[in-house]
Structure formats: C-alpha cells, structure tokens
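Across the two complexes that follow, subunit A remains constant while its partner is subunit B and subsequently subunit C.
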Partner chain A sequence: MKKLSLLGIAGLFLVLLLAACGGNEETNEAQANSEDTEQENTESAEESAGEEASSEPVEVEFWHAMSGPHEEAIKAFVEQFNNEHENITVKPVNQGSYDDLEQKIMAGAKAKLLPTLAQAVTNVVPEYIGNDFITPLNEFIEDGEIGLSEEELADYVDVFKESSSWDGTYYSLPFSKSTRILFYNTGLLEEHGLEVPETWEDIRTIAETVTGDGVVGMGFENSYESEFQALLKQLGGTYIDEASNEAQFASAEGIEAMTMIKDMIDEGIARTAGEDDYMSNPFGRGDVAMYIGSSAGIPHVASAAEGNIEWSATTLPTLDGEAATTFAGNDIVMFNQAEEAEQKAAWEFIKFLTSPEVTAEWSMKSGYLPVRYSAQETPDYKTFVEENPEYKAGTEQFDAGFFIARVQGGDAVRNIVLEETELILLGEKTVEEGLQSAQDRANETLQK
Partner chain B sequence: MMDKPTWNSTLKAFLYLLPALLILIVFNIYPIIKSFLMSFYTEYDFYNDIVYKYGLSNFSDILNDPNFIKAVINTTVFVIGVVPISIITSLAIAVMLNSKVKGLSFFRTIYFLPFVTSVVAVAIVWSWIFHSDYGLLNYFLGWFGIDPIQWLTDPTYSMPALIILSVWKGLGFNIIIFLAGLQNINRQYYLAAQVDGASAWHRFLSVTLPLLSPTMFFISIISIINAFKVFDEIFALFNGTAGPANSTLTVVYYVYQKFYEEWEFGLASAAAFVLFIIVFLFTLIQLSLGKKFVHYQ
Partner chain C sequence: MVRSALSRTTVYILLSLGAVLMLLPFVWMISTSLKAPNEVMAMPPVWVPTEWKFENFTEAMKVAPFDRYFINSVIVTLVSTIGELLTTILAAYAFSRLNFYGRDIVFAILLGTMMVPSEVLLIPNFVTLSNLGWVDTYSALIVPWTASVFAIFLLRQYFLGIPKELSFAAKVDGCSEFKFLWYVMAPLAKPALITVALLKVINSWNAFLWPIIVTNSQELRTLPVGLSAFTTEAGIKYELLMAASSMVIFPMLILFFIMQKYIVAGVARTGLKG
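And now, the complex of A and B:
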C-alpha cells in the first residue's frame, strides 16, 4: 500500500510537471504571435498599487488579454498612472487570451458585470456597438476641460482614428495596433546576390531563385486573408463595402489576387504556416526565406531566429506601384454599464495610455505600433528604431494602411472566407467557385 | 434499514440531497431548460432578455446548413472511430495489468497519466508528434517505407489524427474502471473453469466478459457520450480551428462557432439541443441493449 501511494505521488508530480511544461509551451507559442494569443496565465493582476487617500476614490477595472512582458508593461503604466492620480485606482485584470477576453465580455454584458474599460479586438467592436455595450467617447474627447485639443486629436495616426470612429462617433481609441510587414532572411538573399524585395514581382523572382534544398521562398500565415485583402486593394477591388454591408471580393480583382497566391503555392515557391501554426517558427529555422506577417510578431521572430539566421523586415511589396497593408489589433473601449464618475476616471486613463510618451514606451516594450505620430519623435523611440530597424517597417506604412470593413457578422464572414480559401488551396474548388461561394455565403450572413 | 418512507425521513433525505441538487439545478438543469427555450428565439435581444418572436426557424436553418450536416457526420465518424478502439485496447491492457506483473502500480500510473494531463498540453505534444517534417510519427512510419503524411493539414488525415489522440487520451480512465471491474470478479469462477479444462481464451470469453458486462456497459455509455461532446482536443490540436477545410468540425465545435464567434445565440442553442436529442437516443438504445446483454452478479 505504501509503495502504491508513493508511486501515486510520484505520478502526480510527473503530471504536474507535464502540465507545467505544457503551460509554458503554450506561453511561448503565444508570445510567438501575440496577434492570436493563446494564454492561460491568469495570475492575479488585481493587486495594483494605489492608496485610497482622498475623499471620493474611484476604481476603474480594465480587462485585457496581455500576458508575460506585455502584462508587466501594463502593470508599470497603471502604477505610474495610479501614483499620478490620487482619486483614481485602475485595476488591470488579465482575462487570458483574446478569445477568453471576448467570452468574458459576453458573459459580463449578460450578467451586467462589465468592467469600465477593456481591450477589444477591432473586428468585434461592431458587435459591441450593435448590442449597445459601448459608451461613445465623443463627449469626453470634445470636452473643453478634459478632452483632446484639435492638435492632439490630429496627432493620433489617421488609419487608427478612422478604424475607431463611425460617422464621426468614436467608439474606441487605438491601443495595441499592428500591421503586416515583410520579414526576410538577409543571409539567404545575400548568398544569392538578391536585393530586398519591393514589389510582388521581386517576391516572385526571389522565391523562384531561392526555393530548393529544403527552403521555400515565400511564406504566408494561416490567416493570409490579410494578404488577399491587401492584394485585392492594390488591384482596386473591394473586400466588403461598409456602407452597403456587402461582400464584393469575388470580383475579377479578387480572382486575380487569390490566383497570385495560389499559383505561388502550387508552384512550390510559397507555403502557408500550416501545422507550424505561425510562420515565425519555420522562418526562424531557415525553412522559409521571406514571409508576410504581423508586426507584433517581431519579438517572436527574433527569438525563433536567434542563432539560426540573420533577418530583417521591410514594408509590404507594392503591386503596379500601389501600396496597401491592413492594420489590425486592439482598441480600448469603455462600457456603458459604468457610472459617470468611473467613466470620467476611465477617460483619464485612456488619455494616459494613448499619450505620446506612453504609447512610445508601450511600442518599444511590446512590438505594437505607436498610436501617435509624435511618439515617433521622442528621443528614446528614435534611438530604439535606429538600433532595431525592423520596427521601422510598421510605422513607415501608416499612409498605405487600411482596415477591413467593420460590420456585424465580420467574424462569421472570416470563418466562411477561411474555409473556402482553404478549399481553393486544396484544389477542391477553383478560385472562381471558391470566391463566389464565399461571397454568396458572406452576403447571406451580412444581410440577415 | 428499509423502513417505509415517512415525511420525516423524506425531509431528511431531501436535506442531504440539497447541496448537490442546488449545484445541479444552477449549473445543469437551468442551463438545459434555458438553452432549450433559446433555441426557439428567432428575434431577440440576448443581452436584455427580450424576445420579440419565437419560432422554429433556428432548427430549419441549421438543418439546411451544410456545415451542420458535416458536423453531425464528422461527430459520428469520430464516435465510431474512437469508442470501439478505445474500449478494446483498454480492456486488453486492463487484462494484462490484472495479471501478476511486477511494478503494477507503476504501469497503472503510466497509463493513467494522459487522462489527468491537461488536454492543451497533450495536444501540443501531439501536434509535434504529428508534424509532417519533424514529427516522430512520420519518422517511425519512414522505417516502414511510408511517405510522410500531412497529419494536421490534409483533410483526409486530420480525423484519424484526432482519433489517435483521443483514444490515447481516454485509455487511462477506461483501464482504471476495467481494472476495478476485473478485480471484482470472484477468483473461484476462474478456478472452476480451470478445473473444467478451459483455456485462457475460453476463460476470458466465458467468465471475464460476461461478468465484466456491467463495467463494459458503463464504459460504453460514458465513452459514447464523451465522444459526442468532443471539443477541446480539436481546438487545441488544430490551433483554434476546426481542422483543415473544416474536416474535424464537430457539433460542439459548431455550437462554439455559432455562439462565441458569430453571436448567433439562437442557432447555437438549437444545435446544442439537436446534439442532446442524438445523445439521448443513443443512450436509450444502449439501455435497451444493455437489458439483454448485461449480467449482474
């Protein structure tokens, strides 16, 4: 009996160890691509500093999905903010992954227990608006006393401002934003005497040259619909028309864009991340010479590539002189269940988080883009970018940036598009059939 | 012991049952009724609990959705793939463990490990094993001259991959239950059979199997219900997707997509309800079969 229980304990220990390893692995994977983080680390972030000294202290709860170093950065910002504001205590709460956060917001809304502030993936904001969760920020932004001056508002990066507002109503402000950039293996390119690619033609030539010997020239993330959308835009097509709520991607331009991607994959000069989940790993191993991915992936490419390859990043390739890149990521939203005093306090925190100094520091610590133009002018940021030139790729594309139409049912459309484009790549449907079917199904969902 | 029930004893029993009942009602019974009602919401404001219109359109919608049909088929394939293999393998291992082997508890622990390990950790390890270029499985298959298989990216192989993982993960639980059942069988039956000259195989067929039938019955019901509910393994193995080209889209995954990703609460409830009916029917069939084939000592 004694032996059994000893073994049992040993077994239990092993299990815990395994579980712990698993957890860690997950963390690495997550950090490897913060765009679609998978996280379980819900360590209590509730003990934020802050003395309730003054007469009417206000507490602001802030739900986010940042973990590891990103969470550390947020905690540091919160501490600084709480120290500067005697009456306000911001309480950051890590809710796990983006999926977890969304689910908890759903549950919170249903139970009337929403926090005052939360990080929100941009494409889910239309659902929040449609279900009346959100307080528009205009009354705060336009307030003469606590609002933003015209210069300040103009300092917010245009593409972010546009993606946060609907007909002049601000439902969010940008926080952790990213864009797509082109990562390339400098060693491989030099070996073949090739220049850094600037156009899609270059991409093709380089991919054709370097493919072989276990190396694939070009890589796409599994979520390469962003590249499809960018190509479509460069060709002059429309993905979803926001005004009419209509998907229009099965156009001649859409077919051309999808064919470009499919041809490269069929010829064997490009691949998707596939079972590697994210491109940073095969790229870091040196299996892929170039790939287009999220700028938020820079720190993870760096860790995957360490000791294996030399690499850098640049802006997305142009097509016939046209540049286009999607900007995505997360915004901050304020929920309408909070009381007025809480909302006012929350607004102070939003202003603080998006101030040039903080957003610059956030960018340097997290790899997300600074959300203010002037943030790039701060001395610290300038030195940082000089030392880490790959970070330039993101901010250099602000003017070429666009975002996908924000519509209710956007995630349903994404599921449909991913499914149909997968069938196209598998050769089970032609490009025309797949896109047409995706468009029909998308419109059925959107017009509901 | 078996007094007639009185008000007093009923009340007492009820008090004992109350804590468990409360939990069951709050977390099981109420959600079941609520989601049943929700499956009839056609126009509603979910967050403010206002329903403008009830109807059956959710059911007709999902039954006309090719993806739902696909999910039902995939789930059935999964159940048929996992349950028999899992039961046969775990019975074989349990019988072996039940014989006199040294370090028995060590082996028991080993086999039970997968069951108590987090699905996510298990799925991450298996996604390495299944990797087409760097995976262990293809490496072993290579010894037999089999070309690398795209376990996780080819729709043909994603379901087998999922089944392999699920069988492996579920073995431990089944083995422990089978072992308990095996140890309950009175040794005298075996001795008697031995005296009659029955071979080991005969003893297994004529003594072990019939006397193990209640355990077998229990395991088959639990396994089938669990297999119908598969979700975590898919989510973790295919990195938050339903496999390549939806090849491992199951009914629960469909419910998840509709509810959390697409905000279609009515459709999700209808799909969940259809699943409930399917599982319920299967269990009824099993119960009636059980009456015929299960021997209680």
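And now, the complex of A and C:
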C-alpha cells in the first residue's frame, strides 16, 4: 500500500513533466503550421509572379515594449503588412517594459538570439552602437531600388531625423515619439478671466492668481529634469555636450533655470507630482491648474479628468521669445546578427511603419506623434486633430524641438540630476551646490 | 482574575489592530479594483467607490490573455515545486546523513552560490539555456527552478535535528537508506517540507523577470507578465491593475486558508521568519 503511494507520487511527477513537454510540442506544431502556411503563401506569391526579388519566405521578429491598446495597434499594422507582403512574416513580440526589453536584448546578444528588429529608447541606441549590436540603415535608405527618395527622407520630422543619426549615419528611425506639452484647466482659467499661457511670465502670473483654495497654480512631473533642460536651452546653456561627453549644466544659465523652478515651488505656486506619481492625477482632480508633462500622457489625463474638469493642452511656454521643448521616445533599430534577407524584409517593415498613413494612424491610436510631416495632411488625421485639439500641441512645436543628449550612461545621469535637485528642493543644498555636485557626479559617470 | 481579563483584552485589541493593518492593502486593492479612474487617487481617499465598476474586471481581462497565463502559472508552479521537493529531500539527506568524500566542501560551495546575486547570473543562465535549445519552452521556465540551495540548507538543518538512533533502529530492522528516507525522515520533516514548498509556490507564482527573459511566445507567459501590461511610461491604470491583481492573488489566498495551520507550524518549528 505504501509502495503504491510512492509510485503514485513518482507517477504524478512524470505525468506533470510530460504534460509540460506536451505543451511544448503544441507550440512546435503551431510553429510548423505557420511555416506551412508561409510556404503556401510563397507558392501563391510565385504564381502571381512575385514582386519582390527574393522568393524565399522570411520571418522578421520585432521586439517591442508596447502593451494594451498600443500592442493591439501594432498587431493590426503587422497583420496588414503581412497580408501585403506574401513572403514576409513579421512576428511582433512584447518583452515587458523598456528596461525588460533592454535586458533581454543584452542577454539575446550574448546568446546570439537577437531578433531582426526592436524598439529602442533613443538613449540606449549609443549603447547598442558601442557594443556593435545594430546595423547602420544608410545602405537601405540610400538604396536606389528599395530606399527612400530625397523627398521621402525630407518628410521625416527633422528633430527625429537628427536624434536617429550619428555623424550622418542613421542607426535608427523614429517610431513612438512624444514631447512635453502644457496641460491647463480651461474652466479655472476662464473663471479668473485668464488667457492661455504663452510665456513663462504668463505661467507665473496665472499661477500666482489661481493658487489658493486647495489649488496649486503650476505642476511639474517628478521627472522635471526635462523642464530644467528646456529652460536651460532657452537661456542658451548646454545640458550635456554630446561631442565631448561632458555635463555642463552647472553654469550660470543652469543656476538661473533651476532657481526659476525652485522659486515657484518655494512660493507655493507650484508643486511636483510627489506621492501622486504622475501629474495627471492631481491635475485631473482639479488640484493643479496647469502642468507640463508628456504628450503620451493625454489618455491618462483624459481618464483622470473625466467628470471632474474641463481641460486642454498647448505648446510649452517661451522664455524671452525663445521656444524649446524636449522630444523623446523610441526608435526602431535593426540588429546585425540577422541575415541579409531578413534585414531586407525588416527594412520593408520599417518603411511601412514610418509611412505617412501608418504613422498617422499610429498617432491617432496611441497618442504618440506622427513621425512624418505629411502625416498631418491626411484627411483622417485632420479630422482627428479637429476633434481632439490637445493633440495639436505636440506637432505644433516640431520646430522648437530638441532631444536629450544621447550618451552612454544617460539614464544614470538623469537619476543623479533628479537626486540632487531633490536635495535642492528640500533646501539641503543651495542651487549652486546641488547643480555642481550633480555635474561632477555626472561627469564621473560619463567619463568612465 | 480581573487582571488577566484586562490583559487579555489588551492583547486582543493589539492583535486586532495588527490584523487591520495587515488587511488594509487587500481592502485597498479590492476597493480600487471597483473604482472609476478619477477616484483612484482622490484626496481624501475614497474607501467605498461611489459607483461599483465591476466592468473593470472584464476590461482588465481584455488587456492580456489571462486564461492562458493562468494555466501556465499553474503548470510552472506545480511542476517546479514538486521537482524542488524531490531534489531537496534527496540532497538534504545526502548532506546530513550519508558519509562521502568531500561532502562538507561540496556543501560549502553550494552555500557559496547563495552569495551570488541573481541579476549577475541572468545572462550566463540565459546563454546556457540557449545552448540547450530551451529558450521559449516550458523547460526553461521550470527546470532551472527545480533545485534550491536555500531549501536544501533548510531541510538539512532539520534532518540533523532528527536523532540518529532512528536510522540505527531502522537499519537493524533491515530498512534500506531510501526506504528510511521516504518512510521515516520525510514524514518527520513535514513542517520543513511544507515551508519549502510554500516559499517555492509563492516565488514561482510571482516570478516576473525570468519568464519574460526566457520566453517569446505569448502562449508560454505567466500571470505576472500579464500584470505588467497595465503600466505605461505616462501612467498606471491602477483600477485595472488592481482588478487583475485581485484575481491573480485569489488562488494564493485560498491556498493560504487551506494550509494556514501548516504554515504557522512550519514557520514556528524551523525558526524561520516568513
């Protein structure tokens, strides 16, 4: 009897192990099936005198960090692309957050298991170039047959083109891009008879007027180093010099920029998101009259504000007539472990994803910015922006756009700056001390 | 008499306070899962939603294929827990009762591996798996987790506390090592084994980074990967995240209620704090 129970447990273990392996076979089968259909597709492609030079079926894996509705949108694009290209199958794979995706790419590179394409935060692209993971896109862009015409290339938004190229070499193309915009509570402004702010002086006046009664005039995200950078740029200073890999923000301009933010917070007419994590929450509650945040936050503001407040968004305030706003986000990169046929197929997919029609639709579905100028001219997009004017704020400031210096260790610098500015806001360090120590620590990291 | 009643009341009040404190996060989770987005972060906090949004649950389910993830989580948790129990029992017995050359050195080396942070091992382990051709399979999710040095250590210490005379007596009666392990040692170590198993189940159920690194197919992913879908760069959909979390945590709660007395006994007897 006892022997039986022992056998039983051993048996149970075996069954479970087999069950686990069985599941495996299923996926293998599924893969085999999809290969079958691919082959069928190729055959029919050959029958219809295939338009592409290569008739071999190619699979292109595309790793991304988009979830929820964004992932749905990507899946829809992929399906459309796969239907249009009979011998190319793009396989989108969600790899968690941006950090997870990055970690997975590092692991995949070591194991020679990289995909053909991946989404990559612009800041980590230098890391991938430095490690020789990714392939320059120039040979595809300049190719007479499958490349981009001069007009097409010129149609890519300038600030994105610049952030994708290093000394004239394109290592990426823009995909999911966002910028900083100014959100404001229309009801509150109207109540006080105030106009939509255009300059930092306006921001100050409005904040002084509306603060009180549980309302704070101006809000900053916890990651307000973007606003610090924009102010610094407007004052003529430099944050990090890309060429010399050197942080230079503890300058007179840097001190002036930081003092402007700190003064507003000290006077109680501005606050950071703090415990609220993101400014969309207090803004949606009506606790804050205006705030500067990511254009990708529009859907979050919309859901937090629903039933509470009326709101809209506009371009960032100017300073002494100077406009500046950071553009950030994700690009698409191509890995050099992939074979030539895969790379060619992948290039077709990049072209498709960044085509005016697709990027316009992507923008409408996701809230990211269209990466082509002409995307704004498509009829659908025009109607969309008319109905949702808050989306105009992002595209209207393309010309004022700049991007955060792309240096290895950029994320570490960001954390250092946030740490030190925290100490400045708490009054533990003066603006000069804090910025100087942030700059020293940043340079230590950058010069490693 | 009066004094003891008084002190008992004090104890109960303190315990109740502790219980309330421990329960707060759960209550908050469930209350948030039924809120409208604008009440999630409201100040002052809203404890009872003005309108009960049960649709949060159906909405949350749409974000990821949670049914598939659930099945995967169950398979991975179950198989890796059973696997770990088997390897742990065998290894702990060897390290506590068998005499062989280099035993203590091998054990010391094993303990040494506990010092290496798991983040450092992530990439080497991944490379090993890819050499085995296991990337994107159940094997990758399960096999590396079927042995745990910590569990071996825990059980070895427990085994050492069981009198040697028992094994002498068994041998005199003609019992083999394996039979002795299976019929005498393992049942005696039940509290320790339950502790090991529960820690394993909890870790396995909550594991996030490993499953996402070693799999590419949605068909192979587990529940925590699904939960990550509610977080984006510009904000977190707390009401949906909490709805999904309530459902993910539910099986663990049931397990806890069933196993409650063993958990407490296990923790108390092995001197291990949760």
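By definition in this document, the second predicted complex is superposed on the first by the 393 of 448 C-alpha atoms of A that agree within 3 Å, B and C clash if a C-alpha of one lies under 4 Å from a C-alpha of the other, contacts with A are read in each partner's own complex, and residues count from 1 in each chain.
Basically, a contact is a pair of C-beta atoms (placed from the backbone, for glycine too) under 8 Å apart; a residue touches a chain by one contact, two chains touch by 3 or more.
Predicted model only: the values in this text are computed from it and were never measured.
Participant: With both complexes overlaid on chain A, does A:E127 touch subunit B (first), subunit C (second), both or neither?
Facilitator: first
Participant: With both complexes overlaid on chain A, does A:G96 touch subunit B (first), subunit C (second), both or neither?
Facilitator: After superposition on chain A, A:G96 lies in contact with subunit C alone.
Participant: Using the superposition on chain A described above, determine whether A:A76 touches subunit B (first), subunit C (second), both, or neither.
Facilitator: neither
Participant: A:M106 in the overlay: touching subunit B, subunit C, both, or neither? Say first, second, both or neither.
Facilitator: both
Participant: Is A:D411 in contact with subunit B, with subunit C, with both, or with neither (first, second, both, neither)?
Facilitator: Only subunit B; A:D411 stays clear of subunit C.
Participant: Contacts for A:N308 in the overlay, against subunit B (first) and subunit C (second): which applies, first, second, both or neither?
Facilitator: Once the two structures are laid over each other on A, A:N308 reaches subunit C alone.
Participant: Pick one for A:D277: touches subunit B only (first), subunit C only (second), both, or neither.
Facilitator: both
Participant: Tell me the contact category for A:E419 with respect to subunit B and subunit C: first, second, both or neither.
Facilitator: A:E419 contacts subunit B only, not subunit C.
Participant: When the two structures are overlaid on chain A, which partner does A:A341 contact: first (subunit B), second (subunit C), both, or neither?
Facilitator: Neither partner.
Participant: Going by the contact definition given at the top, which residues of subunit A touch subunit B in one complex and subunit C in the other?
Facilitator: The overlap between the subunit B and subunit C interfaces on subunit A comprises residues 12, 19, 21, 23, 26, 103, 106, 110, 276-277.
Participant: Would you tell me which residues of subunit C are touching subunit A in their complex?
Facilitator: Interface residues on subunit C, with respect to subunit A: 36-38, 40-43, 63-64, 75, 78-79, 82-83, 86, 122-123, 126-127, 129-131, 135-139, 142, 182-183, 208-209, 212-213, 216-220, 225, 228-237.
Participant: Under the stated contact criterion, what part of subunit B meets subunit A in this complex?
Facilitator: Where subunit B meets subunit A, its residues are 45-47, 105-106, 109-110, 112-113, 116-118, 120-122, 124-125, 127, 130-132, 150-153, 155, 239-241, 244-246, 257, 260-264.
Participant: Which part of subunit A faces subunit B closely enough to touch in the complex?
Facilitator: These residues of subunit A touch subunit B: 3-4, 7-8, 10-12, 14-15, 18-19, 21-23, 25-26, 29, 36, 38, 40, 99, 102-103, 106, 109-110, 127, 131-133, 222, 274-277, 408-409, 411-412, 415, 418-419, 422-423, 426, 428, 445.
Participant: Looking at the complex, which residues from subunit A come into contact with subunit C?
Facilitator: Residue list for subunit A touching subunit C: 2, 6, 12-13, 16-17, 19-21, 23-24, 26-27, 30, 61, 67-68, 70-71, 93-98, 100, 103-104, 106-108, 110-113, 178, 276-278, 280-282, 284-285, 287, 293-294, 296-297, 299-300, 303-308.
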